[in-house]
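Here come two complexes built around chain A, the first alongside chain B, the second alongside chain C.
What follows is the complex of A and B.
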């Protein structure tokens, strides 16, 4: 059942790649959209059959693959991975839908996007460390090509930077996984038996360190983040949507699954420093975003800041904060996808993303009123205005983390305030005021360009109003992540107590 | 000694695969002599058929009960079967890719096939050679034919230069190897059989300076064959100058023979100085991985790039030898199997490109996808596989090597291998980027004047078959690698010398542990 989520896009990619050359780009897009839509529907079917009250892996598939390496093809889904899977399907649909109709080399492009989708789904489903690594690496080359071929002016630089950073991340991950399996004396890379194993603390810290850096590159956390703004600025809009919406989630998902999940003890030791790291990441991202004049770069830095919250919440590791983690992953996926889409439309119509050149785009007659409204909705969600999913996730994270790390949480809350600062700056300059003379005669915005953004905005508000529709899938799993480790629960009051005594 | 007894001692059936190749060789030469030039339309295919028949014969030898033959001169155990298969297959693919290449260079194809088959026989015998004289003769058969092959396009001055360089350095390295071997002969009290030498050494003075010198000299000869740094100096020049099919054979077949010799010699003869040879091979592996990968970054010629890449790959393979565990040896075998496909696939693409455009410069590949999608796909897949990108075959090969190395406790070496493979991804992807990413307006001159694709010339069909077969093998050997894993593991499990070596090293480890505890 779960295999279909991986193999449908892979077979689809093969079909699309070998379509006859005389088929137009438009039809190629329709075919790939049909394939990915089927995969998305399938993920919804899985979600419906999923039993939210159970915290264990469901729909388990397990086949021996390569015994000599201890590699098994085992898939499973739990409350942590299910929402991310659905998000992956949704955003890939949107990315394909919002791709330019007349794109060059359409067959290659769409098959790469489909491969990317398959790789990400596989990583979320994998219940074997090596299998996860395999899928984690599979998305590397497609994404490299997607940036390097269909990117902007400095695409080569950005693509190779992305490639090298991610390869280093992969290598560290492989080293850590080899270490985990070898030191724990296991003969296979299967996830479940490993989880309960307890190593000496020093080894745990070493391995966890490697895993943290590996996923820290992917998430990305300051100072390992420098590839992200470049990659975002050079990538085309649909690829930015996928990159921010789904691929960064591999990092945070991995952090929860393989960092917190495999090393509860070491995690507890490192948690205070992780919280500080999160604060640095949040504040650096937010302050740098304020200084940007390129809209896309601003959104990219805001991404860094928002991903920092997830580190804070996972460092705190209370049931509530972990639930907040999942909310934040989904909400960041939706919101940043919306923002990138809207920025993409503005860029396409106005020909620039420079905040200093654009002005008054909300003008109802000659501007982009609906796109402007959607942008404002996205900005509000990102800044955590109640009634949207951004508020729910940030509230959960801060509420859940405060008892463990009050000071760090307060500092991160400053980051939320800064989000309003830079996004209001952006909205104020670009959308309000008189329409700038430099951007008159904007081409007409098609409904096909508005629909994806509108759908995202709708989901953002929907989950903001009824957050329990999202939480019910996850709560059992995130709670279970804590429960087998009563040690942390004991530590939390102690930590908050000692923090409380500080002046 | 009665005849039956002699026949039993000779046990000549073990060299059936080699006999098939020899028969093919004789037929090819005779036909070339009698029929003349016109026969080249079918003699290469005859040679390929002979090599494949020999591979089939090897299969039938897989479960052989008594592998030792010719009074202990040749050991056809499972390990040698696999290595002989790799060499024969690499020769078969090399012939497929050389037909149109050699015809275009205006030299005789029949002789080329003859020399290549001779080299193959040398390599195959070397993989199973169990006795010093046998080792030396087969090594020389392989080497001398290789010198002839590198200089085969005699109108090309670079080919001549390559041959001379290879001959001079090769001859001196053989001399050093021979000197080392002669020391062994003396130290063991006049034995030539490897197992007898080991026994003689153990009974004699044990670990002595002379033994270490013999070890170093023997390793120097082997390192030359597998082009490990610092014995690699010939590689880039020879690779650049020689006919490309020859390079393909040198980088796979000849290297496989070198590794087979390395395993047999080190494991059987030098258990006494096992610490020393591990140390030397560790140094060689480190140097090869670092230098091969780093120098490859700056290359502008495709053949030189592949030369340095093959040096680096040899460094990775040595990891398995250093690990000296069952998993270590089988990871070497497995890696050589997948390396066979991916490297030959890459070379076929390079030959195809140079046949169509007449150049090997990396910058000339720019924008190739527009004109030749199949060639672009083949070269991209093979290079990405060499770089170890999942889910291609090379990824699993590297993973197995690293996994085996990690299990054997070679943490630093494995980490170094991981780091240098990041470097390698950079230069492999640089070529892929040239072909795939560049826009039509950035197309190179060679690609602009690319001839229309046609497979109808003589020999092109063979090239196409070779390309498609190796391409499919490279793409699928990773995902469906269980048969290959079984083959690699089985070859080690069935090989007596490795089993005893692994067990004895475990015993040594156990005793040291016990003594530590005490």
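What follows is the complex of A and C.
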């Protein structure tokens, strides 16, 4: 059942790659969309059949692969990975739908996007450390090409930088995984039997350190973040959507699954440092965003700040904060995708993303009023305005983390205030006032350019009004992450999501 | 023969002065401009006709109705009309009221003077007494604030006067459209000439106002007062609406307390000839209503013309406003020529000098207007680029 989420896009990628050359880019896009939409629907079918009350892996599939290496093809899904799988399907649908009809080399492009989707799904589903690593590495290849071929003016620089950083991330990750297996004396890379509590604390800290740096690059956390703004600025809009919406989540997912999950004791030791790291990341990202004049770069730095909240909540490791982690992953995925889509439309129409050149885009006739309204909805959600998913995730994180790290939580809350500062600066300059002369003559905006952003805005509001629809999938799994770890559970009593009486 | 050369300062808008003196208009004569101006004035004529009927209905049938809930219904109240009113896909009579209030606020002309005379007060008092004789609360209000109802009647007089003015203008614009359709108007000077002839023909048309209360007719503005179409409605209207206007909030925030608005109303420059078309479509901007009304009655050839622009009709109301502004420069040309002290083709140097001074006076006021923008064709780039979604 789960394999379909990986193999359907892979087979689809092969089909699209070998389509006859006379098939137009538009038809290629439609075929690719049909394939990925089928995968997305399949992920929803899995979600419907998923038993939310169970905290264990479900729909398990396990096949021996390379026995001598201890590698098994083992898949499973729990409340942590399920929402991310659905998000991956949704955002890939939106990315393909938002791709320019006249894109060059369409068969190669759509094959890579489908391959990227398969790689990410595989990573979320993998129940074997080596299998996770394989999928984690596989997704780098299509993403590198997607930036290097269809990117902006400095695409080669950005793509190489991305590849170098993430390759280092991969090497560290592989080293850590090998270390876990060797030091624990295990004969396989299967996730479940691996427990590290018998390892000396020093070894645990060493392995956890490698994992933290590996995923810290992917998330990214300051100071390992410098590849991200370049990659975002140079990547095309659909790829930015996938990069911010899904790819970065591999880092946070890995942090929870393999950092907190495999090294609870070492995690507890490092938690205060991680909380401080989160504060640095949040404040650095927010202050740097204020200084930006490129809309896309501002959203990129905003991503860095918002991913810092996840590190804070992971460090606190309370049931509520871990639930907040998952909410923030989904929330950030949806909001950043919305913001990148809208910025993409502005760039496509106005030919610039420079805040100093754009003005008055909310003009009802000559501007981009609906796109502007969607942008305002996006920045409101990002700033944590109640009624939107951004508020729920940030509230859960701050509420869940405050008991463990009150000072760090308060400092991170300043980051929320700063989000309002930089996004209000952006909205005020770009969308209000008289339409600037440079953009007085914008081309028409088609509904097809508005619909993807409108769908995301609808979901952002829906989960903001009824957050329990998301929480019910994941609460059991996030709570279970903490309960088997007496050391942490003893310090911080579990507070369930339902007890918090959120709507 | 000895000739006298006129030594005048070089006015910044000298080319326009020369244009007017040579029998041309403020707006450049091009086939596109003719088509745009006639097309927009046709739709304006239809809208003006609806406005004038409603203004006169309000003046005559909503006299001192303190809660005129159905004043925009012209006496025909039914559910369909009510639903359409709420849906807002209708003629926005609010714009007509905005113009009426602008005209009343700036005043000028014989009507403004008459409304402060004892004769007006005496005539109005009789009508007021007849209207409120059985309405005790309002009688009390009238006793406490005797100017209150009087001021209401002044406003009613402006409703009527503007209605009568627009009745004539609607006729002029609609007949012009018919002539254009028959190929009898082909140039901008012919457009101006048609308007000018219409204004001259109606110049001495009397402006009167009377209401009927309990089958008794009360003359508020009798013909004997001598108010006429051109000097007492047309000229004050052009001054109030075309030139001065009101500083409504758009994308520019006007702050009177910060002295961003001149305390001297005669120095206002917020009228139709100065308006920035770009904010059209926004809420709180009265011309938005007019453009919205006109878009329902655009002739096909104008629709087709707008369809060739980059955004097609996505920015229709702004395009209508740009075209409308062009047409208003034609109407203003007609007014300038009609009020000129001497014919423009005079050969008498003294008369030429007087005309020169007269035209320079007008041009001083156009320095900050949209005249140059209208003639530079702000849509030029749109029309040359017909690709969509580059």
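Just so it is clear, the second predicted complex is superposed on the first by the 488 of 503 C-alpha atoms of A that agree within 3 Å, B and C clash if a C-alpha of one lies under 4 Å from a C-alpha of the other, contacts with A are read in each partner's own complex, and residues count from 1 in each chain.
The rule we apply is simple: a contact is a pair of C-beta atoms (placed from the backbone, for glycine too) under 8 Å apart; a residue touches a chain by one contact, two chains touch by 3 or more.
All of these numbers come straight from a predicted model, not from anything done at the bench.
Asker: Put chain B and chain C onto chain A via the superposition and say whether they clash or fit.
Answerer: Fit: chain B and chain C sit side by side once superposed on chain A.
Asker: Tell me which partner A:168 touches in the superposition: chain B (first), chain C (second), both or neither.
Answerer: first
Asker: Touch check for A:144: first (chain B), second (chain C), both, or neither?
Answerer: After superposition on chain A, A:144 lies in contact with chain B alone.
Asker: Quick one: angle from chain B through chain A to chain C, Cα centres, nearest 10°?
Answerer: 130
Asker: Answer with first, second, both or neither: which of chain B and chain C does A:23 touch in the superposed model?
Answerer: neither
Asker: Touching A:480 in the superposition: chain B (first), chain C (second), both, neither?
Answerer: In the superposition, A:480 touches no partner, neither chain B nor chain C.
Asker: With both complexes overlaid on chain A, does A:435 touch chain B (first), chain C (second), both or neither?
Answerer: The answer is second: A:435 touches chain C but not chain B.
Asker: Let me test your reading of the model: by the given contact rule, A:421 touches which partner, first (chain B), second (chain C), both or neither?
Answerer: Neither partner.
Asker: Quick one: is A:66 in contact with chain B, with chain C, with both, or with neither? Answer first, second, both or neither.
Answerer: first
Asker: Per the overlay, which chain contacts more chain A residues, chain B or chain C?
Answerer: Larger number of chain A residues touched: B.
Asker: Per the contact definition in the header, classify A:446: touching chain B only (first), chain C only (second), both, or neither.
Answerer: The answer is second: A:446 touches chain C but not chain B.
Asker: Quick one: is A:365 in contact with chain B, with chain C, with both, or with neither? Answer first, second, both or neither.
Answerer: second
Asker: In Å, how small is the closest CA gap from chain B to chain C once the two complexes are overlaid?
Answerer: When the complexes share the chain A frame, the smallest chain B-chain C C-alpha distance is 21 Å.
Asker: Which chain C residues qualify as touching chain A in the complex?
Answerer: 251-252, 276, 278-282, 310-312, 314-318, 381-382, 388-390
Asker: Would you mind writing out the residues of chain A in touch with chain C in their complex?
Answerer: 360, 363-366, 432-435, 440-446
Asker: Going by the contact rule at the top, pick out the chain B residues touching chain A in the complex.
Answerer: Residues in contact with chain A: 327, 330, 384, 389-391, 395-396, 399-400, 402-403, 406-407, 414-415, 418-419, 421-422, 425-426, 429, 433, 436-437, 481-482, 485, 488-489.
Asker: Hey, which residues of chain A end up touching chain B in the complex?
Answerer: 65-69, 130, 133-134, 137-138, 140-141, 144-145, 148-149, 156, 159-160, 163-164, 167-168, 171, 174-175, 178-179, 182
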